[in-house]
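In what follows, chain A forms one complex with chain B and a second complex with chain C.
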Partner chain A sequence: MAKTALYEYPAELREEFEATEDIHFRDGSRATAADVWHFMTEIGPKRYPFAYTQKKYAGSRLSRDIHLPSAIKNHYLLLTMNDRINKSRENGAPVIFVQGGQSVDPYYAAGGIALRPASVGLWARGRHEGLGLNEEAIRSRNQREKANHAISFEACQTAGYANIQEDDLPVDMVAPFTCLRCSDISYGVEAHRHGPNKAVKLMNIDYPMRHQADKPWAVEYFARNLRRLTSEIGKRAGREVTDDDLTKEIKLHNEGRRLAIDTAELWWSADLPPTNGVDRRALYQMGGMEIHGDPSASLTVLRESNAYIRERVKRGIKAEGVVDKPIRLFVCGSCVFPNDFRIEEAGAIIVGQDNHWSDISTLVAEEGDPYQNLAHAILSYPYEQSIEKRAEWTIEQLKKSRADGVLFLYQWGCNTQSAIARMLCDTIKRDSGIPTMIIEQHEGGSEQSEQLLNRVNAFIEML
Partner chain B sequence: MTVKTLEVIRKRLDERPDELRKARANGQKVVGWTGYNVPEEIIHALGFIPIRIAIGGDDRLVEVGGRYASSKNCVFIREIVGAFAENEDPYIQQTDVLAFDATCLQNFRAAEVIEYYFKRDVVVLGVPRNFYWEEGQEYFVNEANEFTRLLEERAGAKLDTVKLAASVALYNDIRKTLKSIYFFQAAKDNVISWEEVFDLIQAGDLLDKKEYLILLQETLIELQELQPDPVIEADGADGRIFISGSLIPRGDRKLIGIINAVGGRIVGDDLWTGILPHLDLDIKEISPAGVALGYLNRTPHAALPYLDLESDRRLKKLHELIDESKAQGVIYHTLRYCDPFTFKAKETKDVLAKSGIPLLEIHTEYAGSDYEAMRTRVEAFVEMIKIKAESAAEVAV
Partner chain C sequence: MSIKRNFFAGVDVGSLAAKSVILEDGEIFATGLVPSGVDSVESGLKALNLALETGGLIQEDLTYIVGTGYGRVSAPYANKAVTEITCHAKGANYLHPSVRTIIDMGGQDCKAIRIDQDGAVVDFAMNDKCAAGTGRFLEVMAGVFKVKLEDLGALALSATELVPMSSTCTVFAESETISLVARGEKPANILNGIHHAIANRISGLFARVGIASDVFFSGGVAKNTGMKTAIEEALKVTIVKPEIDPQLIGALGAAVLARSFSKKEGLWA
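Now for the complex of A and B:
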């Protein structure tokens, strides 16, 4: 079978791109824009051809908004994950599996690298070079199958079991927050106890629930969980973690959070969408400073992007491939989202998502006991509050983002988000009048099923 | 041979909903509780009538509940939500206050759904996932104090230590008597079946506690008269089955019925609607904290993750109970979307295999559509363990 040609960045873009800023890494090293260009045009297509697919709807394909440097740099950071994480580990930084939708300040304060499931998946993916889109999809499905076999076919989140236990991905600790965002996560952590990799340290950072931020004992308990966490990471990183280390890290991460909030407000204020949905999501998520496994790198790219977005908004520049007046969708629910390419083809755009945004938009106080401050902020994530409070916050985001409709999407097997889908949607409709739709996503890869997309498209049409 | 007191208990259960209605008319309040670490003695000592909300086996209610929660919640939780939606269960109808705990996250979500849609007054007890840490225990003590405070508000009275001590003593006696009765069902030439004891245990979820203790004591006396010297002994052809896994509440007898129908004999369980919650509950101090810690330090529920396989007390207890009951195989019951047990099915199978104990996982829900598939698998399993036991007996001869 003839191989399909891979996507190529236009050569005429090189000069413009190479004039953009360097990426600064946490270890003090940097990648110049020329380094990035070289990797993305020469090395990347050979090592990771799947990312260069021309397939229109492939979720992992590169953004075509080539004049937005952050889009290319984001992909560069994702495709170099294996090289970078291995290098950091060799330099003594332990890697810790966390879950998405949580802040990672304490992990980095203690000298570790916090990787959520998607990032662990990217790291694992980076170890298998030369795979095309279908080969990569098969590899990924095989991994999923291994985890389901070792744990349960009903497991949605397996805490990286397949990669860490079955494929020797050298993760040092599995230590996520156990919040309601994901009901599987703590059982996924527990499952590692029967795997062959006995070297991995297991911990659940126990997230209390029910009015937790208003209960001093709950805040204290979570703060003590965080202290245990930094101590364990510190042992592996060969250092003692001080309160100052955490305060410093909180300040750094607050900078990312503030920048993401500012970027989001700029984006939302624009008459014409300044980026496509994929790039928007990447930008907002960079504020969490965890997706790339290097907060400094995420921060430098986000800073540069912020300036680009400001300029685009000021000049009324619309992102390529987006219609003039798209239907604006806000996505709620668990860790999944609809295929942006298909959404945009149908004349809509995703303007925000409660997952991740809940923690990214929660700033941490910088004065006083950093553990208490962090614990209080984390227990205040809007996503983890009572239904009325969560709905109130969501409506605020809907207004800011000028959303026309809400899609509540959850993954098959997700118990705790699916359970509140109707309550949240009913409250949003009651209090804001904004239409909502609940969809369950079955496993089907990033392209998603026709059935799911038909429903989304019908919703868009209705709006 | 029948145990006459069991008939009395059945009759009293029939009369119980009316009795509750009358008690409420006289100003008493009923607390419906569900969860795995709800300190029931506190509810009792505050003068409430505690009723455990544990119902299952009705696929129609599961469907109704799924409309409010989701089809991805475990069938037990969906049925509870469905029962509140319909409000036809005679016990649910009589509840004034609900007490849920957060041991299982889906149970916590059920509390939110019931509070939101059915406007019920719900008190929630937070439960630490790191329950074996000192910090986790301190957190739970604070939660228990808060739980008590919220119930005191609803009772219009403070918790009296003397009353709490009396409740603890009453519940301790119930647990002790249940344990003694439970022994008889596993005995050779047993005069009471595991199924009868299982029903007896679940009757305690609903009956008045003082009366329940008297009925249990009468049952025990009867059993002692009928079988003065019970001995638990494996019989080659018994097909002795131990049931583990997701809870089996009142109303759900599908799996139990199948095991009986194919000639298996259930001789033990570690179900949370069976004997397990009544074992090893040691209350060291008469206070909300003391009672709560007694609950938390029992054999932990599978919804609370424990990260070291070798020292897992749940698995140790499972081994211990299998040994005591001389069971020859385990049927591990997992309900659809019950993650606490489903996630551990393969692991439990592997752990028991090391001790030569076979395990069959039955993954099911409350619909009848999988009845024949379950029956085929259970029948093959029972046959297999019978053949294995008979072969072992022949070798011994």
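Now for the complex of A and C:
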């Protein structure tokens, strides 16, 4: 079969890009913009051809907003995930699999690397080189199928566990905050009981549910669990974890969170969308300091990007491929979002998402006992509160982002968000008047089914 | 001096049939309906060419074409693509401006659509991805009873009893039907149960979007008299009678939009 041509960054962009800032890593090393350019133009296409696909709706393809350095640097960090994590592990940093939507400050404070399910997937993807778009999709789908065969009940995002159990991804610990937003933790427990890779330590960090942020016992209980966590990771990293370590880490992560909030407010205030939806999501997500497996690297890119977005907003620069006055959609729900390329082709744009934004936009107090501060912040995540409170917070985000409509998406098998969706959407619609639509996604894959996109397109037309 | 005539076409490529409607200014001029093949582009073109032939036109005579249905993303002949939800709303509004609620049952899904006085969608809900409660579901049942799809509704209406049936899954329902046949239930009574099960399933969609008169039934399944009666009973409504084949409503709405888009784009005054 003839191979289709891969995307190439325009050579004339090189000089402009190489004048941008270096990426600083946690271990003190750095990648200059020239290093990034070399990797993305020479090495990347050979090792990871799927990302260079010309297929316009492929979710994993490179951003075409080539004058936004973060778009290229974000892809660089995603494509180098396997190399960097292997190096960190060789230097003694344990890798810990955590839950989606949780903060990662304590894991890094203890010398570990915390990866949520999506990032574990990115790491696993990086271990299989030379795959084209379809080959990579088959590999990824096979992993999900293996995960589905391994359990006796329905669960949604099981690929993270499958990568550990079936693909021998060298994760050192599985230590999520339990009871948070998802039902897939139960899968994790079952996978550990029945999976072949029992050497991976499972440690559940119990999260007391239901309005606990103002209850001293709950904060104290969760803080104790966080201490247990950092102590366990510290043992594996060969170091004693002090309160000061956690305070320093909280300050670093707060900087990321503040930058993401500032970037979001700038983006939302703009008359013309300063980035496309994919780049916007990457920028907000960098504030969670988790996506690249290196908070320092994420912070470098976020700092630089913030200045670019400020400039674009000031000068009224619109991102390429986005219409002047798009329909503004806000996405609710975990793990799934509609295909940005199709949304933008239909004349809309996604302006925000409650998933992750809940933890990114929750700052942690920096004075006093860091464990208590962190526990209090985590127990305050709006996404984990009662439906009424979550709806109230979501409406605030809708107002700030000037959203025209809400799409609530959840993965088939997600027993938590599927139960919440209807009541949350009804409350949002009742209290804000903003139209909502609920969609269940049945299968993986970033291009999504026509049935799903048909609903989204009809919703956009209705708005 | 001859006056230039303006023709606008809508092409609706669905999972089971491809349909087209050509409007001359505001009036229906010609229509085409063919079974959908495996090639979406070809199916749409066949339906369009049939309407063109019927009207004695060629494609170059058309001022504007709007594509709709699942095949709209593969319609290089169309100037614009619009979802069938919007098109059914426009089509029903064109025929009956008093319509505020549409039940659209096609080959692979069914939709509950609420519209305003201008035919704009104000809310909608669709069945899940499973084919239960759709044209495909009825097609499977026609196969089980070895009757023609178009005879299914009349057979259901001849029932003397209502056999309880589930409509959760096409495959499960097929097994359930075979069990009922084996137990000696009369085909007409089973079919009556099937039609009512589908109608009850649709009621769930209307629980989300609400119902307001007048109510219109579009899509291929709307030709099934048994289904129309079952829906009227389940929703406690009277469905307005369409003047044209209800399977053409999506294509009609697409043609109405083609006229409107081309005017906005200054292609005619």
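Please note the rule applied: the second predicted complex is superposed on the first by the 453 of 463 C-alpha atoms of A that agree within 3 Å, B and C clash if a C-alpha of one lies under 4 Å from a C-alpha of the other, contacts with A are read in each partner's own complex, and residues count from 1 in each chain.
Just so it is clear, a contact is a pair of C-beta atoms (placed from the backbone, for glycine too) under 8 Å apart; a residue touches a chain by one contact, two chains touch by 3 or more.
Everything numeric in this text was worked out from a predicted model, so none of it was measured.
Under the clash rule set out above, the superposition-derived model of chain A with chain B and chain C shows the two partners fitting side by side.
Once the two complexes are laid over each other on the shared chain, residue contacts for A:414 go to chain B alone; chain C is not touched. In the superposed pair of complexes, A:323 makes contact with neither chain B nor chain C.
Within the superposed three-chain model, A:462 lies in touch with chain C and out of touch with chain B [touch as defined at top].
In the superposed pair of complexes, A:66 makes contact with neither chain B nor chain C. Between chain B and chain C, it is B that contacts the larger number of residues in chain A. Once the two complexes are laid over each other on the shared chain, residue contacts for A:450 go to chain C alone; chain B is not touched. In the superposition on chain A, contact of A:13 is made with neither chain B nor chain C. In the superposition on chain A, A:440 contacts both chain B and chain C.
Of all C-alpha pairs linking chain B and chain C after the chain A fit, the shortest spans 6 Å.
According to the touch criterion, the shared surface of chain A, contacted by chain B in one complex and chain C in the other, consists of residues 440. Within the complex formed with chain B, the residues of chain A that make contact are 149-152, 154-155, 178, 180, 183-184, 186-194, 202-204, 206, 208-210, 212, 215, 217-218, 220-221, 224-225, 228, 386-387, 410, 412-416, 418-423, 440.
By the touch criterion stated above, chain C contacts chain A in their complex at residues 70, 73, 82-86, 108-109, 120-124, 126, 128-129.
Remark: chain A residues 435, 440, 442, 449-451, 454-455, 457-458, 461-462 touch chain C in the complex. Those residues of chain B that touch chain A in the complex are listed here as 67-74, 77, 102, 105-106, 108-110, 112-113, 116-117, 124, 126, 128-130, 133, 135-136, 138-139, 142-143, 146, 305-309, 336-337, 339-340, 342-347, 350-351.
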